[in-house]
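Both of the next two complexes hold chain A, though its partner changes from chain B to chain C.
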Partner chain A sequence: MTDIGKVRLRVPSTIKAGDVVQVRSLIIHPMERIERDQQGKIVQKNYNYINKVTVTYLGKTIAVFDTTQSVAENPFFSFTFKATDPGQLKVQFLDTTGGKYEGTADIKFS
Partner chain B sequence: MSGRAIARRTLAWAALALLGAGCAGATPDAPDYRGIPPWASRAIPEARGEFRVAPDGKRTAVRYAGWTTRDFERFPTYAYGDQRPDPAVQRVTMPAGVVGDAQKGRALFMNRSKGPCYACHLVPGDDVWPAGSAGPDQSMIGDRKLSDQYLYQVVWDARALFPNTVMPPWGTAGVFSSQEIVDLVAYLQTLKGPVPPEKDPNRNPFTRAKPAGFGDNLDPTNNPALVLADDADAVWAARGPSGKACGDCHEGGVARAMRGVATRYPKFVKTYGRVMSIEDFLTMHAPETTGLEMRSESNDNINMSVLIKRASNGMPVRVDLESPEARAALARGKATFHRKVGERNHACADCHTPDAAAGKFLSGRLLADVRTGLTRHFPTWRTDRAEIWDMRKRFQWCMTPLGMNMLAADSIEYAELELYLTSFDNGKPLNVPGIRH
Partner chain C sequence: MSEGYSIPRREALKALGVLGVGLAAGGLVQGTAEAQAQAPALGQNESVQDAMKRLFGGKPIKDGAAVIKFDIPLIAENGSVVPVAVSVDSPMTPASYVKHIYVVADKNRIPIVTRVTLAPEAGKAAVGANIRLGETGEVRAIVEQSDGTLLQVAREVKVTVGGCGG
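Showing the complex of A and B:
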C-alpha cells in the first residue's frame, strides 16, 4: 500500500483571532486489527494501526489522542482549538510499526 | 375510464407501434450485433474475465482478490458472442409422499449461500436481517390457502406461472434440490397471521428509513478517493518511454486542458471503431503517446480517470446519442440492460427499473433507479470495500455474485451498457468521485 500515510487537513477559509476553529483531518491507513484466538493469544502479529495522534500549534503540543485498533480504516479525526496567533498547525499520526505521518495547515487571520 | 387509464392505453399502443417498426427493421433502434470489432483486453489480469484450467480440466475464474472463483459457464453472459437463450421454463410436479421439514425450510430461506430468500421477501423473525422488499412480503403466505404444488412450482421456476417475473428459477438453475424446495414449501405454509407487531421499524424494509448518503464527496477529509487519486498528478507530469508527458500535448494544466472532456464519454471513437469510456480510451491512448501503460482497472488508470473527470465537475453530461454509431451502440446497450443472464436469470432491468424492483430494498441495499442516472459520480469511493471503483468494476461486481461470468473490464459490451446508462445522466452535472456504500 503505497498510499499509506497520506494526510489531508482542513481548516475554515476565514479565521479571526480568538476564534474556536474546527479542524478536520483524514489519513490513509489500513488500521489492521489485532486478532486473537480463543485463549486470547495474538494470532495476527503484523497488525498496524494508529495509536497516537498529536496536535501541535505554534510549536506547542495542544492535544494528544490515544487511539486503539477499533478505529476505522482511513480514519477521520476532527477537533477544535482556539486560534490565538497566526502560525502552523501540525497533526502527527504515529502507528504501531513506527510509522510517522503528518499534515500541516497554515493558520492565517483575515 | 379514468384519465390515467386512457393515458396508459395510449402508451401501450405507442409501444406496440414501436415494436412493429422494430420488427420491420426500418429503425436503427433494434440491436444489431454485426460489425463489432474483436477486442483484445488491455485490463490487469484479474479484470479480464479469464480462466485458469487445471490439468484435470477444472476451470477456475481469475478475478479480484476475495471474489468468487466459481465458473458459471453453464449460464448465459452479456458477451455479444453469447446469444444463448434463457434456460427453458420447467413445469414440475411436486413429488408425492415426500414430507417437508418446515424448520429445515426456514434455514434454507435464511441461507446466505443459496438465495438468500430474505434478501427479497420479508418474513417474521428478529434474525431476518436485513430483510429486503424487492419481492412480495411473505409474512402471511400460509393464510392464502395456496396449494403445495403451486408454491413448489413458483420456487422451482416461477416463469411457468408469471412469464415476466424477476424471481430466479431456483429449481431449473439447480440452486435448490427437489427435497429442499419441498422443505421451503412446508416452511412457507407455516407463515400465518397475525404478524407480531414490529419492534424495530428498520427491520421492515417497507418502513425502513432510506439511506442518507455520506456527506460532501468533494471534501478531501470526507472522501478518501480524493486523497488516493491525487497520485494521478504525478502520472500526468511523468515522462514516459517516448519522452513525452500528458501536459506536452494537453497544455495549460489538467483543469484547463481536460475541461469538459469527460462530459462526452462514453463515445464512439473512430480510430478504434468502438464505444469507449475514458477508462477504455486511456488503455490505448497512454501507451500510444507517452508510452506508459495504463491498463484497465489499474490504479494509474482509475486515478487518471478521476483526475480527468474532476476537470468537468459541475458541467452537464453531454454524451452523443444521435450519431448512427451511438444509436446502434445504445440499442445494444439497452438490449443488454434488459437481457436475462446468469444462474439467477436476472437482467439489470429486474433491479433498476421502477416497474420491477428499483426503489425497493435488496437486503439492506436500496436499489437505484436507472432513470435518475447512475454513472455521473463514477469512479466512486466504495465505503464497504475501501476502494475506488469505476463503472466497469461495478458492472463486474453486480453480476458475478448473481452467477454470471464477468467480462473483461474494457469490453465493448460494458462500454455500450455504460453508454445506455449514461444516456439517463445527460444534462445532469458530473460529480466525481462520489461516495457510495
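Showing the complex of A and C:
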C-alpha cells in the first residue's frame, strides 16, 4: 500500500507542433468501494477514493474528470490535448482524504 | 473503582474520535470546495432515473450514434476493471465544442461513473477510463455540447463477475 499516489503518465515519444496528442495516465490508488454491514446497511464513513482529476497544460485546464466510486481500482484515464507549445503537462489527482498526487510530463517537439 | 472510571473515559475517547472525524471532514470540504460547489456529491447511491434527473433535469436527450464512438467490451469477464473509451466526432473550437462527457452505468449502485469537463484546447473529444460494473446492464455515454445539446449512446454489457461489491 505504500505505492498509493504513484502516478504514471505516458505521452508519445515524438510529438510535432500542432498535433492532437493522446496521453494515458495511471495512478495507484485503492478507490475504496462501499461497504455494507450484516443487515446490508451501508457503512457510513469517509471512503478513500479519487474524486477529481485535473489536467493542465501550459497553465490552462484541459480536462477535469469528476469521478465516483464506480471507477476501477488503480484508475486509468486517457485524454487528448493539442500540442501548441513546448511546456509542461500536469495531471493532478485529488482524493476524498485530502490526498493530492501529481504527475508531470515535459512536452518537447522533435 | 476502575469500573466507575472506565466508562467516562470511553465516552470521552469516543467524543474525541467524533471530533477528529469532524475536523477531517472540514478540511476535506475546504480542499475540494470548488468541486463541491459544482456538483453536490456527484456519486450518490440512487437509481439511474434519479441520477439522470439530477444531472440533466428534464432535458431531451437525442440519439448520438452518428457522432459518438463508444468503445466498451460486450462481455466484461471481470466487472472490477472494464475499459471504456468515448470519442466524439465534433469540432473543438471555442464556439462549438464538447463540454461534458458523462459515463453512466445503469445497474451500478452509484450510477454516475464519471463526468469529464473538457476545454476547447483538448483538440479532440476523446477520453478513456477503467470503470467498475456491478452487474449486467446498460452503460451509457452522454455528451453535452457547448450549446447544451445532449446526445447519448447506450450499450449493453454482460458482466460475468461483478465488481462493485457491497
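Here is the rule we go by: the second predicted complex is superposed on the first by the 100 of 110 C-alpha atoms of A that agree within 3 Å, B and C clash if a C-alpha of one lies under 4 Å from a C-alpha of the other, contacts with A are read in each partner's own complex, and residues count from 1 in each chain.
Definition applied: a contact is a pair of C-beta atoms (placed from the backbone, for glycine too) under 8 Å apart; a residue touches a chain by one contact, two chains touch by 3 or more.
None of the values given here were measured: they were computed from a predicted structure.
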item: Fit or clash - chain C, chain B, common chain A; value: fit
item: First, second, both or neither for A:Arg33, with chain B first and chain C second; value: second
item: Contacts of A:Ile42 with chain B and chain C, given as first, second, both or neither; value: second
item: Partner chain(s) touched by A:Ile4 [first = chain B, second = chain C, both, neither]; value: neither
item: First (chain B), second (chain C), both or neither touched by A:Gln22; value: second
item: Partner chain in contact with A:Glu73 - chain B first, chain C second, else both or neither; value: both
item: Chain B versus chain C as contact partner of A:Ala105, first or second or both or neither; value: neither
item: After the two structures are overlaid on chain A, angle v-u-w for chain B, chain A, chain C in degrees (C-alpha centres, nearest 10); value: 90
item: Which superposed partner A:Phe81 touches (first chain B, second chain C, both, neither); value: second
item: Comparison of chain B and chain C by chain A residues contacted; value: C
item: Minimum Cα separation, chain C to chain B, after superposition on A (Å); value: 7
item: Interface residues of chain A shared between complexes with chain B and chain C; value: 24, 73-74, 76, 78
item: Interface residues, chain B side, partner chain A - complex; value: 219-222, 224, 226-228, 231, 386
item: Residues of chain C that touch chain A when the two form their complex; value: 21, 24-25, 27-28, 31-32, 35, 38-39, 42-43, 45, 80-83, 85, 92, 105, 108-119, 121-132, 163-166
item: Interfacial residue positions of chain A with respect to chain B in the complex; value: 2-3, 6, 8-10, 24-26, 28, 73-74, 76, 78
item: Residue ranges of chain A touching chain C (in the complex, touch as defined); value: 20-22, 24, 33-36, 42, 46, 51-52, 57, 60-82, 84, 94, 96-98, 100
